[in-house]
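There are two complexes below, and they share subunit A, which is joined by subunit B in the first and by subunit C in the second.
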Partner chain A sequence: MSENLREVLDLSLFWEYRTVLLKGLWMSLGVFAASAVLALAVGLGVALLRVGRNAWLRRYAVLHTEVARNAPDYIMIVWVHFVLPLLVGKLIGQRLEFNPFYSAVIALAFVYSGYFAETFRAGIEAIPRGHVEAGQALGMSPRRITWRLVLPQVVRRMLPESTNQFISMFKATSIVSLIAVPDLMYQVSMISSQEMRPLPLYTGAALVYFVIVFCAATALQAFSSRWRSKVYA
Partner chain B sequence: MKAEFDASPVSASPAALHPQAAVEAAVPCIRVVDLHKRFADLEVLKGVSFEVHRGTVLSMIGASGSGKSTLLRCINRLETPSAGDVLFEGQSLCQANGRALGYNEVNRIRRDLGMVFQQFNLWPHMTVLQNVMEAPRHVRGMDKARAREVAEACLRRVHLWEKADAYPARLSGGQQQRVAIARALAMQPKVMLFDEATSSLDPELTEEVLAVMRELARDGTTMIVVTHEMGFAREVSDHLMFLHNGLVEEQGPPEQLFGAPRSERLRHFLSKALSRERGA
Partner chain C sequence: MNNWQRMVWDQRELFLQGFVVTLQVCAVAFVCALLGGLLLALVRMKLPPLRPLAVILIEFFRATPVLVQLLWVNYVWPELIGWPNSFFTAACVALALQSSGYLAETFRGALEAIPRGQFEAAGSLGISRTRAFLRIALPQMLLDAAPSIGNQFTVIVKSSALVSVIAVPDLMFESQKLVNRWYEPIEILTATAAIYIGFIFLMSWALARVAGALRRRFGLGAN
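Right after this comes the complex of A and B.
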């Protein structure tokens, strides 16, 4: 084995810094969890506007979805952290600075809210009209029909596609170190500049990402197919 | 003491009526007045009028596209009539004090009109029991124990209590339709509307659904039935209506329409429908 390859595969340096790297990993998971919750909530809201009756709100929903989906994660993170505070500061006449964690969460949640909005919308539109009419015929209010009849079915339908979006989203957290969020990749780059041995550190980080994504996706898929099989024979 | 739930929809027995109730009984349960329905350029209903009294069964027959289902859907306002009116116990489903009725007002009336659809429309993410309990609990506001009791009575009535914990996807079409009937009955409606309830079932499954509908009719349930089952319409209906091209072509007692149809179109329709039934 060549010297270079041996160095890449020697993960003892990664293990040596496990405490600080673990702290970074927790931060990555924190960014992911917060942006996933926010993206799901905003995505659901936008999808409901998109299928709603108000034409202006429908137009807003289309605009939101298109802007969000077409903005690269990388640029959005930089923009939210550096440009948005300037704009908001100008509006309120005050110097403003965002905490990097919040900037990362807002940027990722915005981008992925566009994807989730589309997934929710497709799910809502796939519900047979008759299921809604059955609720109407029994005298149920539109709100109750949405929350009790439509959304529980939408969630089951969108689980497989959402799994892919959650995976992309978790992988996208690896770029938040760009604005100095102390996540796993931030810690890796700090240690590698100190130790001057980036290859084993990046290999270790890649392995950590792979193991987490693989295990979570497998578990989610198993859960989702078991859950769906009860309902869709 | 808590009254035991009677899984029958509200039915009428004239002998048992009080004087006040007798006056109410004189008011038709459903009255449809010069009903029109237009979808863009297509006029599906061109002025239909009729009345249904408490405890009677009206069957509507006619070729596909004659407007039967649209008419039924206008009665519980799943479709909004373009003109004319629908009255339930004298109260309009279309307007009040010269203005159109709002969603909530229509909803209050709908609770008394049970509807059974051709495609069953059970909610697949809920068990049979949850499907039946949903409206009593969340629309009538019953507590969970009471709603369960009501659901049990209704499921026993359609002979499906043993399937209470199954999901709809695990049931046959006939069983699903019987659950849909139980779901409508659980609201104790004053009128049951059946929109081609057996059209998507094979003959064997059709019979088990028709048996439940026959029982309901025998118990004095007010029913409006859109059907292609001529035998059922003849046997169960108090009144039969033949629709053609958005208009009532002929109506009257079933024995009259089946025995001596006046209109050429009805004669033609019956000969085709009856020969198809004999073939089946």
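Right after this comes the complex of A and C.
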């Protein structure tokens, strides 16, 4: 028992493999950054379609949001990695295979675009009608109203509040190790099967994720409450 | 269309079998998460000496990814404390951890929202503290937390696809077995994804309605 406990807390393996692990962590952050940017862009687009005038695009936006929000991350990643290339390949009549990194980014961005779309929509609907009417009265075009009047307010209001979504997105990046994206968790699993010492490695991995997520969440919360009070002072 | 018939419809018993395992894992994990969340919240609020431990556990459960927890519980716990001794148990425990952390915070908020006067009234009527908690506080806490309890159940179902990684024969595991048999992923994986998405959609819709109805029935605003 006490020997096992010492083994769990023996993090020397982590130090030994620090270069590989750091590379893995870098990859995790890369997957996170790429899918976060893509998810925000797609989410914004879908939210704009949802409040737009075209009925078919509105229906598509509802479908997109519901599918994305109800899809498990892992299922989506596997589907995008193994099915989507075949479907696209059939369409263009050519064999196709996705790099695991792109599959991971596409899948995560799709799933989280649903959450961001809802966040953006709530933000858009929270803008007082009078702002839009004032814009119209001044002769601004609808597009100009959206980009110059509505969206700046939405972004300012919603970005601090999507902290939780960014946090769960970063946590979800650990899943991409399962389709062999060489992220932190993938490196840990590799080292673990090489050294046959899962105890310190998985405990260490859990601690690394804990430290990153906990610090990021605390910092983002402090930052967002400061930002809010500045914007709405 | 032929493929759909051969690889999905004709294999429906296998899909169903996996789906039942998924439901079992989720149900056990959900009950564990509720009890664990309640326990953590109570320890945090009522047992000052153990409070730091509860806070650390809650933050740790909330801030680590489910996959990491799953592998951690599955590989580290048996060596460390000799339990869990099966993949199924490990899967249930791991899925429960994260939700118990979130639910603990929800329960804490709900308990803090109950006016002190109610406990004082109970005390002056000679109702014991345990009884006051069980009969007065707990029902209100559960009602107040109903929407997030339902939400956590859908979170558990979503994460449950990961338990196939430690060889629990759930829906995802069975469908990957089928994929490996024929190397024809299109129909099988699409059907699996559709089952998950459809089930989670219905689940979250139904749970939100139940939570809303309960809250309205007992005089809280639907949320």
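Rule of thumb we're sticking to: the second predicted complex is superposed on the first by the 229 of 233 C-alpha atoms of A that agree within 3 Å, B and C clash if a C-alpha of one lies under 4 Å from a C-alpha of the other, contacts with A are read in each partner's own complex, and residues count from 1 in each chain.
Criterion: a residue touches a chain if its C-beta (ideal position, glycine included) is under 8 Å from a C-beta of that chain, and two chains touch if they have at least 3 such contacts.
No experiment lies behind these values; they were computed from the predicted model shown.
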Scan A:Trp79 for contacts with subunit B and subunit C and give back first, second, both or neither. second
Of subunit C and subunit B, partner touching more subunit A residues: C
Looking at A:Leu87 after the superposition, I want to know if it touches subunit B, subunit C, both of them or none. Which is it: first, second, both, neither? second
First (subunit B), second (subunit C), both or neither: which does A:Glu66 touch? second
When the two structures are overlaid on chain A, which partner does A:Thr19 contact: first (subunit B), second (subunit C), both, or neither? neither
Tell me which partner A:Gln136 touches in the superposition: subunit B (first), subunit C (second), both or neither. first
So subunit A touches subunit B in one structure and subunit C in the other; where do those two contact lists coincide? none
Per the touch rule above, subunit A residues touching subunit B in the complex are 128, 130-131, 133-134, 136-142, 144, 148-149, 152-153, 156, 230-233
Can you tell me which positions in subunit B touch subunit A when the two form their complex? 76, 78, 103-104, 107-108, 110-111, 113-115, 117, 119, 121-125, 134-135, 138-139, 167, 169-170, 180, 183-184, 187
Would you tell me which residues of subunit C are touching subunit A in their complex? 59-60, 63-69, 71-72, 75-76, 79-80, 154, 157-162, 165, 172, 176, 179, 185-186, 189-190, 192-193, 196-197, 200-201, 204
Subunit A - residues contacting subunit C, complex: 1, 4-5, 7-8, 66-67, 70-76, 78-79, 82-83, 86-87, 171-175, 177-178, 185, 189, 192, 198-199, 202-203, 205-206, 209-210, 213-214, 217
